[in-house]
Amino acid sequence: MIVIIKKDANEKSLKNLISWLENQGLRVNVNRGVYQTVLGLIGDTHSLNAELVSAMDIVERVQRISEPYKNANRKFHADDTVIDMGGYKIGGGHFQFIAGPCSVESEEQICGIAWHVKEAGANLLRGGAFKPRTSPYSFQGLRDEGIEFLLKAKELNGMPVVSEIMNANHLPMFEQVDIIQVGARNMQNFELLKELGRQEKPILLKRGLANTLEELLMSAEYIMSGGNGKIILCERGIRTFETATRNTLDISAVPMLKRLTHLPVIIDPSHAAGDAALVYPLSMASAAAGADGLIIEVHNDPAHALCDGPQSITPEAFATLAHDVQKILNIVGKNRG
Amino acid sequence: MIVIIKKDANEKSLKNLISWLENQGLRVNVNRGVYQTVLGLIGDTHSLNAELVSAMDIVERVQRISEPYKNANRKFHADDTVIDMGGYKIGGGHFQFIAGPCSVESEEQICGIAWHVKEAGANLLRGGAFKPRTSPYSFQGLRDEGIEFLLKAKELNGMPVVSEIMNANHLPMFEQVDIIQVGARNMQNFELLKELGRQEKPILLKRGLANTLEELLMSAEYIMSGGNGKIILCERGIRTFETATRNTLDISAVPMLKRLTHLPVIIDPSHAAGDAALVYPLSMASAAAGADGLIIEVHNDPAHALCDGPQSITPEAFATLAHDVQKILNIVGKNRG
Amino acid sequence: MIVIIKKDANEKSLKNLISWLENQGLRVNVNRGVYQTVLGLIGDTHSLNAELVSAMDIVERVQRISEPYKNANRKFHADDTVIDMGGYKIGGGHFQFIAGPCSVESEEQICGIAWHVKEAGANLLRGGAFKPRTSPYSFQGLRDEGIEFLLKAKELNGMPVVSEIMNANHLPMFEQVDIIQVGARNMQNFELLKELGRQEKPILLKRGLANTLEELLMSAEYIMSGGNGKIILCERGIRTFETATRNTLDISAVPMLKRLTHLPVIIDPSHAAGDAALVYPLSMASAAAGADGLIIEVHNDPAHALCDGPQSITPEAFATLAHDVQKILNIVGKNRG
Amino acid sequence: MIVIIKKDANEKSLKNLISWLENQGLRVNVNRGVYQTVLGLIGDTHSLNAELVSAMDIVERVQRISEPYKNANRKFHADDTVIDMGGYKIGGGHFQFIAGPCSVESEEQICGIAWHVKEAGANLLRGGAFKPRTSPYSFQGLRDEGIEFLLKAKELNGMPVVSEIMNANHLPMFEQVDIIQVGARNMQNFELLKELGRQEKPILLKRGLANTLEELLMSAEYIMSGGNGKIILCERGIRTFETATRNTLDISAVPMLKRLTHLPVIIDPSHAAGDAALVYPLSMASAAAGADGLIIEVHNDPAHALCDGPQSITPEAFATLAHDVQKILNIVGKNRG
């Protein structure tokens, strides 16, 4: 950490600050420049309260040099983390398709779609039972009944299932759910993250609409510091000034996250674009950029989906997509084992 | 609502769509243009699933014309809502200062600051007990003990208190808290909002870092549709590309929200700027722009605050600020009754 | 175009507005709703001053339904435009690599890199002579001498060349330059665009850092309405809140532009990321998303490049990239003829 | 400047880098940490090519500590710069209103409005002759004729005039124009900035829609390093995800720029909001935040303005605004001399 001292700081306060820092167990290098004095702090600064330092009178500002996350940091864990999702691996060269409807609407619907997407190459089934909707007047999901139908589909065709949680109190309902999803709007619901840190099953953590990659990794750190290291990161589009697409897919997040962390990274092209016609090209791009998986909304009848119809693709379209993405996977050397 | 039909839509599907819409109780005006056919829907479209319509094959896109919120909409409620916050009014010409530390740190601290800010003109006391922090390694608040100390301060000097809730399960602890705050990161924690819709006390709802004013009003609508109409909206800075300030205070939100809704609107200049030196000018600007109140972080010893020190001002600085903001209130015709 | 009338508009003003609109040669459909009256305008609204209408007292707001660009619009020109860039085709299934240094630094440098990138598969050579730099203290390019060296490289190995123009007065110097580039910062330098509309050679138009796709197409429209239809659009990253990468590559711009316009679309992964290690994955992703080309910064000695070294790749890295991108092109069915 | 070295850098390369830096006339402090080695560079780093350093193999990244601008930096010029704008002072406690139409439309129009705004308290007259418009089909200004009419108004009522330049070739037409405006879209038209650095008259430099305050100051630096120090900075709204207002006025830019630079800072509330009803509250807020002036669009007949009608206010509304802003100026201690 670097502490930049104000131009007119008095010498006594500076000495006090330096000894205070040394008492925190840090070594302090003093760099006296023509215009500025800069302190270089050496040692473990994770525990240091940077805000406290920057609030001091003589301090102009504080700059972090090392990342504020530890467990998620590739610097301390060079190898890719491989996560077992109900029997299927992701990360470290393993790629997975997760497919299914935005909302579970009925037993027939979810079981039908499950059969279709499995045929087409998806190993995992997604289906929302609790739906975060901007409007209180929109369909909010079938809730516990939705989970039941989803588990019925799992029972029938053996696919591990992914579903979103919105409230830690619902955890008992998720007992048979294989992967718990944290939605973009809950990425910084820290109370929920802490609870998930005490779970044993994989967590699919979506990036918030306006969160930086560092914040995403800090949210992963919340879960990991609680003891659960099985986290799959998901980029699903960020909010920008562009209005032609619903969100802007940050494709660079894939290689950048790969550099910063050892955790697997997947893409949700359906939410990123909000437009069925863009799901195919964005899926191809994601695989080519090195993503470890795709989570895609598939609906048998998009025009009558109870939510997010405009961005859902048909099972047929998904089959074509999976077939073509496979060709990209062959090039980049990923397997779907 | 306006439905724009694709150029090459076939006539039969168009007829089907029109009769389907009429069966939903809407009147449909067909505008056949040279390049495009556009349907104008007349009637109550709140209940219509716009996503469903826009997912249909022949539909290019759907545009809303009226706002998707009802209870919060000024069109249906022309007069300003005046809310009683523990005996002090806000809205409809009434302005309030809410002041106090980011975090409650001890009984002495909160009681001391309370005394100071009351002296300086604040009618309400803020103090965080549950703190949403980006890093799991940062101070997370004193939790239940923090609430206790805050209530002690209330008991001692009679100020109504405001504190942030992060989990609906904590509601029992907030029984004596006068105003419940929903933080920016929880603005779209819909499960929490629904629970607060069943409460009777005022809710201070902060705008999310990347949420539009319409989304803020939809979150207010969640609470209002549950039966609780006592909502104070709070602008606290949004996330932009600018890095010189922590966030960008959207000052236009004040007059724009005043146009769109009848609810009171306040500003949090401390979080918006993340910089103590900016709190004074932003407070002056907020009052001049027509805000109904200010919520300001005040700490007796900012350099040793356990959180958000860099943006906290001293009680003395707050006294100056309150004195000068009062002069602006005289000009714009607001009272602090 | 849709004109939304204020709730309390008086009938006489409304009648006046309607006849005024009809006098502009438009047909007006009046949709009287419960809460609002909405006018649907039918006819050619390109010539209508939407601002004028929305400034009228009784008008709440105006919404465009058709795109404000004509020449660039795919609706009026269904087939892909294929552009000849000095003998090489782009668009309509033809893909091109444009490679070379950020800045031309010397004759040896540009000729050496040209030879390398041609070997590796680039048909076109890029090289900056006029450099737009944020700081007046940074290297500003070799200017006329840079163009001379670039043309020397063209003479030696026969590659058509691309270079950026910053001032219409420099056009005489660009006589032998095959493709003129308009940089992101000049995308809305309308005086320059008008001048380029009078040129005959292809224009490579880069999207501004904070410009929407519609604005990019309006800038293309400036050039096209002047008579020059040979425009290659280039996405090079937009500005968002994310700081881990220099800009955010908007990969969705590729399929979205393909839908909106018939013009070829290329990607500049070097400027998008500002980071050499990201150029490869972003190039792969761009090809997979359907881009018609890539413009890439290649430097023999990135660590000593006079500008943009951190994002330049070596000729060897470019050769690997071109080889692997070719595999993607085989899948998506593009040729490099 | 701080240079962060990669974890696994070899010692020999590090030594080479250090001697290279020392040969540039810098002193280098080596901070060896547990995880990282960090070099602190002491001396004048303005001339150092930071990109070159960060492109080196062993360098992880480079962080600037001091601002990259010199002439505009308050650290080297503590007192406010006061600029004479045709006889009226701005900066250092002096506040000015600049008012007039978006576009000069006719001699009668500009002279009429000039008379009105002068009456109401504006000392300076604005009027656009060259208009940067997103669409080539929109009114582009009266150009040279517009300048003539503007000068006629100046002659008649003695107000100094402000007009926007879009092309350095037009400078001869601006000979009698008192203050030359650089529009947001040209803030980084570096060729134009260099030309303006050779002028003697004040430059009103608008912030680009997606430019940081640092970039705005770097653009000022372009002009200042050319010899012209008379720059008035103007905040006119930035581009964000919010769609309720045309742009987001960054009110914090006022106090933040005041800290970073000695140059005067004004606000353009008309373009910031794009909405006449917001001009009054944003003007009040700007004055309260410490702005040195306001530039406001006033039109005698906003509904028939040839451009930007929706955001123009009437002369009567301007008179009320000026009257009320004066009350704020009395509070903050600014004079209009």
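Labels for the chains are A, B, C and D, by order of writing; each one numbers its residues from 1.
Here, a residue touches a chain if its C-beta (ideal position, glycine included) is under 8 Å from a C-beta of that chain, and two chains touch if they have at least 3 such contacts.
No experiment lies behind these values; they were computed from the predicted model shown.
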Most widely separated chain from chain A, with each centre as the mean of CA atoms:
D
Sort out for me whether B-C or C-D is joined by the greater number of C-beta contact pairs.
C-D
Taking the mean of the C-alpha atoms as each chain's centre, how many Å separate chain A from chain C?
31
Centroid of chain C to centroid of chain D, CA atoms only: how many Å?
26
Whole-Å distance, chain B centre to chain C centre, using C-alpha means?
39
Residues of chain D engaged with two or more neighbouring chains
210, 239-241, 243
In the complex with chain B, residue positions of chain A that touch it
46-47, 49, 51-52, 54-57, 68-69, 132-140, 166-169, 185-186, 188-191, 194, 208-210, 215, 218, 221-222, 225-226, 239, 276, 302-310, 312
If we count contacts the way the header does, which residues on chain A are in touch with chain D in the complex?
2, 4, 7, 29, 31-36, 38, 40, 42-44, 63, 65-66, 75, 210, 239-241, 243
In their shared complex, chain B is touched by residues of chain D numbered 210, 212-214, 238, 240-245, 248-252, 254-256, 259-260, 272-273, 277-278, 281-282, 284-290, 324, 327-328, 331-332
